[in-house]
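First chain A sits with chain B, and in the next complex the same chain sits with chain C.
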Partner chain A sequence: MSDRFRRGAYYTLLWSVSLLFFTPVAWIIMSSFKTREEILATPPTLIFTPTLDNYIELFTQNQNFLQQLGNSVVMSLSAVVIAVLVSFLAAFCFSRFKPKGTNFLMFILLSIRMLPGPAVILPVFLMFANFGWKDQHIPLVLFYAMFSIPFSVWILKGFLDGVSVRFDETGLANGGSWFHVIFKVVLPQVKPGLIAAFIFNLIFVWNEFLFNFVIGGVQTQNIPYALAVGTYSDGGLNWTFIAALTSIYILPPVAFIYLFQKYLLAGMTFGTVRGEV
Partner chain B sequence: MAQPSSLLNDRRTLVFVLLAPVLAFFIVFNTIPTLWLLGLSFYNYSLTSGMPPEFVGFTNFVNIFFNRNGIWSDLSRTFIFVACAVSLQTLLGLMLGFLFWGSRNMPGRRIALTLLFTPMVLTPVATGTFWRFIYDPTFGALNALMGLFGATEPINFLGDPTFAYWAVLAVDCWMWTPFMTLMTLAALGSVPKAELEAAEVDRLTWFEQLRLIVWHHGKFILMLGMLLRTIDSFKTLDLIIPMTNGGPGQQTRLVAVELNKQAFQSFNMGWSSAYAVLLLLISIAMTSVFIHVLNLRRRRERS
Partner chain C sequence: MSISVTGLTKSYGSNTVLDGLDLAVEEGSFTVMCGPTGSGKSVLLRLLVGLEAPDAGSMTLNGVDITSTRAAERAVGYVPQSFALYPHLSVKANIGYPLKLAKRPSSEIAKRVDWAAGVLAITHLLDKTPDQLSGGEKQRTAVARGLLKETDIFLLDDPLVGLDYKLRERLMDELKSIQQDLKATFLYTTSDSLEALTMAEKLMVLDNGAVIQKGDVFDVYRSPAHRRAMELVGFPKANVLPVLRDGGAVQAGPFKLDSAPEGAAFVGLRPEALQITETADGLSTKAQVQLIEELGGEEVVYLQAVGHGLTMALAGDGANGTAEGDDVVVRVDPTAFVFFDGDTGNRLAADTHVKAAAQ
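So, the complex of A and B:
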């Protein structure tokens, strides 16, 4: 009996910690169901009649919003699909053939992700401005793909190193081409790595602001861009808009970490640590 | 007999074909721009003046080094930020990680962990924006909460020079403590159960168990986590832009914030390039340390 009680107390404690970390997010989600007066009330109101007006207004009154949301979805998906595919080939090459300079290339790849954002984007900005690529979807998507490659290569190489070379040899000995070996034999075995790379980079591009701001523009703007430049402020910040917007925008990443919790660790450490929590 | 795929069976061709796309991406979007950056760091070039770039040698670097309130104060601010963030997050993360260690069978564990891990996958710009809402001196929730505990004067967390830096740091800790918890859980998960049971049989104290077994197996993952946090917090920018954008004064002006301002608000391209080159050197140094630790781990696993 006392053991059961202790267990109950322990679980309650864990749940409280989790809820404590979630409180600020819960607060913003709660605020999105308030009217403007309730949001700006002092002291803040805890009891109120929830209203969906903010969401209705967001979808109907604001043309930009749908465009920005569409940009976010299309750009992050296409960039990450390209990046993961290309990275898989390179990671396979690094893992199996270890060409000269593999370590150096892996190092260079990683160091790009270690550099503060403005330092990465500064020369790219000059290049984009000179070539007239600014504010266009395809160059921006390709840049995002480039930026998603390093971690994808690292994650996938980690997983590919775990697949025995025997599989390749068997496939080749049985008359399969390299194409067959790579896509039919090896690819299915690193599915967890592909998912980890995909999810991790998807969350990254989804959340990315600076690059979109600097080398994108009005046509390509996503939601973080809109938030940062204060698109939704007309004399002071429009908190009802922001609360509703944020609540919608953070849903996909949160859903991803619920659905793909198994892959979270591999993604967050780009494959240097594998396993589940 | 020539097979249709014989070309691909030549090793060198295959290596080239597999690597070509990634190399193409990198040469276009990284190598060329980086060389451009290196070159530009020796020029005086401002986009607002409309003047063509003018070669000035090392003047930009000299200016950066000898400017009071320049890179040195930005760097010291950044490194204090990194040191505080990493140590606080590691400590808290360790505590939470150990707390969650025995929770395999907890009802709703997956939901609880999702809630706990939420802060680190949120859009940093959105996080910064809504923390500004929570920190607000007039209608913010935090001041109201402190009012309940007897605070009389509302505090302008992000506008007051004494608080702004720490307020930003607190949000960073809120965001990234879950990451260190994740790493601690992974480190603890890598400890073999059998060894712990053996230690139990041998009647080792919990401290000896911790020192001899848990630390031995878990230290590398923990170190990787700390390194990743070090590198990431060095880059902190998205979070700061909506909260303070470097202010009040320069209280929260970290290196990334300063570079962002100089490059994309003042358009001092030459000066910014030189600044970026210096940051590039720091990043390369940090990457080397990271790879070194990673190799230590690999070597140990093999032996």
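So, the complex of A and C:
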């Protein structure tokens, strides 16, 4: 009996904490289906007639929205694909050939990510401005890829270290090339690591605001940029716009995390938790 | 010669594993290389396969120098000690892997995979994945994959290690008959001397990176050329005892002899050369039975004789009426003494007949 009680209390606590954290998300999603008056009403209205007007307005009235959404999707995916491919090859070298100073190099690599964005934004801005890369998609994508590589190398090296060199040797001994070993023998065995690296970086690039704001421009605006800039565009706080755009904005990461949560766990532990994947 | 190696040297840091190794493996032979862990067996095979490069020396396969040929271009089948079966491929795909890489048509691959799976009795496992297999099944899959390489030279790196005894016995027989069917050259390494004696046609004994003896398996067993060869080949392990000289008399372990070859520092005695006897003479010693192992057809008795451990193999089971703790008299066959040099470890010119020292 006391066991059941403790279990019950335990779950009640977990659920209440989870719901507490979920409240702002629920509020913004609910708001996206309300009129401006309903959003601002005190006390807040919980029962209301949902309306799609906010979304319709976003898609039809807001000229920049589709471009911003497209930028977010295209830049995130391309930056992350480049980053994961480069990181996989780099991690393979670190894991298999162990160049002198591997540990130090790995540390240096990660230290790029230890720097906060504002610490490097000025030199990066000057470089982009002088090279004429400002407001251009490809330089920005490459910058995002560069920023995504260190963490991916760490994740993937953990996974690659877990794949025995004997597999490589079997491939080589049976007449396979290094290309064959890397992509046909080893790559299929670190799929969870690739997925983990992919999602981690996708979330990072998807949420990136600072660099987009400073070294991007009109052509490269993404959704975080649109949110920040669009919020006050009417003069006051444009709550219907914020609510609708935020709801769309959080959908892809939530879907990805939900679908691949077990890989995310493996990624956070650099491939050391392998049993579940 | 199928495989020939000259002056092969390989070091890892300050640890020299192979030091100027020379060896030759006859075409179509089942050659077993027997040596203790760390003697360089695996390293030699890895060098031959091309997974590592030697520091010095040269290697030829079927007369072609392959010292600097890439692994992919060397025509050798290789069964590694670790199974290294690809977890993302089915057993069928794992076995057919060498042929797939050689870009053979899939009908031919299927035919050869069926053949190899049939030989190793794993046809029923073909559609499973490696993680669904037991250790023995994985091992047989790895052997099947090794056999599908299109070549007549196969290198097997201790492929039966860690398997249970029954399975090992069966696979030993299977591998031998496969080799005879293929008429191919097999170079097989093991650290288990019983396995070596069971399987070998030609036996090489490797110790500390050098071949200390090679030849027909029977010759190696009967006339070991080196102290380590005697210790390493044979089960139960041979007795190797120190030879001490006291004036004219020679003390070979617990036995007093009238003479020994010049420079002899060790004497080797096969366990089956010892017998329990009733009457004590110069070639006998008092001993206490420490432990008896029943092996069915034979009995291994571990004795303690005047400070020397002795191992004795007796035919028959428990027929000798001794029990652990008994005091017995053990006599040795006078033709069985094998003397070894103290510095080189080489066998010394045989005194075929050793006499007991005068009492």
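The working rule: the second predicted complex is superposed on the first by the 246 of 277 C-alpha atoms of A that agree within 3 Å, B and C clash if a C-alpha of one lies under 4 Å from a C-alpha of the other, contacts with A are read in each partner's own complex, and residues count from 1 in each chain.
FYI, a contact is a pair of C-beta atoms (placed from the backbone, for glycine too) under 8 Å apart; a residue touches a chain by one contact, two chains touch by 3 or more.
For clarity, every value in this text was computed on a predicted model and none was experimentally measured.
In the three-chain model built by superposing on chain A, chain B and chain C fit together without any clash.
By the touch criterion stated above, A:115 is placed in contact with chain B alone, chain C being left untouched. In the superposed model, A:185 lies in contact with chain C only, and not with chain B. In the superposition on chain A, A:166 contacts chain C only, with no contact to chain B.
When the two complexes are laid over each other on chain A, the CA centres of chain B and chain C sit 90 degrees apart as seen from the CA centre of chain A, to the nearest 10. In the superposition on chain A, no contact is made by A:202 with either chain B or chain C. Of the two partner chains, chain B is the only one that A:13 touches; chain C does not reach it. Touch criterion met: A:177 reaches chain B and chain C at once. Shared-chain residue A:210: touches chain B; no touch with chain C. Put simply, more of the residues of chain A are touched by B, taking chain B and chain C as the two choices.
This overlay, made by fitting chain A, leaves chain B and chain C with a least C-alpha separation of 7 Å.
In the three-chain superposition model, chain A touches both chain B and chain C at residues 177. Contact residues on chain A toward chain B in their complex (touch as defined above): 10-11, 13-15, 17-19, 21-22, 24-25, 27-28, 31, 39-44, 86-87, 89-90, 92-93, 97, 99, 107-112, 114-119, 122-127, 142-143, 145-146, 149, 153, 177-179, 203, 206-207, 209-210, 213-214, 223-224, 227-228, 237, 239, 242-243, 245-246, 249-250, 253-254, 256-258, 261, 264-265, 268-269, 272-273, 275-277. By the touch criterion stated above, chain C contacts chain A in their complex at residues 46, 49-51, 71-73, 76, 78, 80, 82, 84, 86-88, 97-98, 101-102, 145, 149. Remark: chain A residues 164, 166-167, 169-177, 180, 185, 188-189 touch chain C in the complex. Interface residues of chain B, counted against chain A in their complex, comprise 5, 8-9, 11, 14-15, 18-19, 21-22, 25-26, 28-30, 32-34, 36-37, 40, 96, 99-100, 102-103, 106-108, 110-126, 129-131, 133-134, 138-141, 144, 147, 174, 177-179, 182-183, 185-186, 189-190, 221, 224-225, 228, 231, 234-235, 237-238, 241-242, 255-256, 259-260, 263-264, 269, 272-273, 275-276, 279-280, 283-284, 286-288, 290-291, 294.
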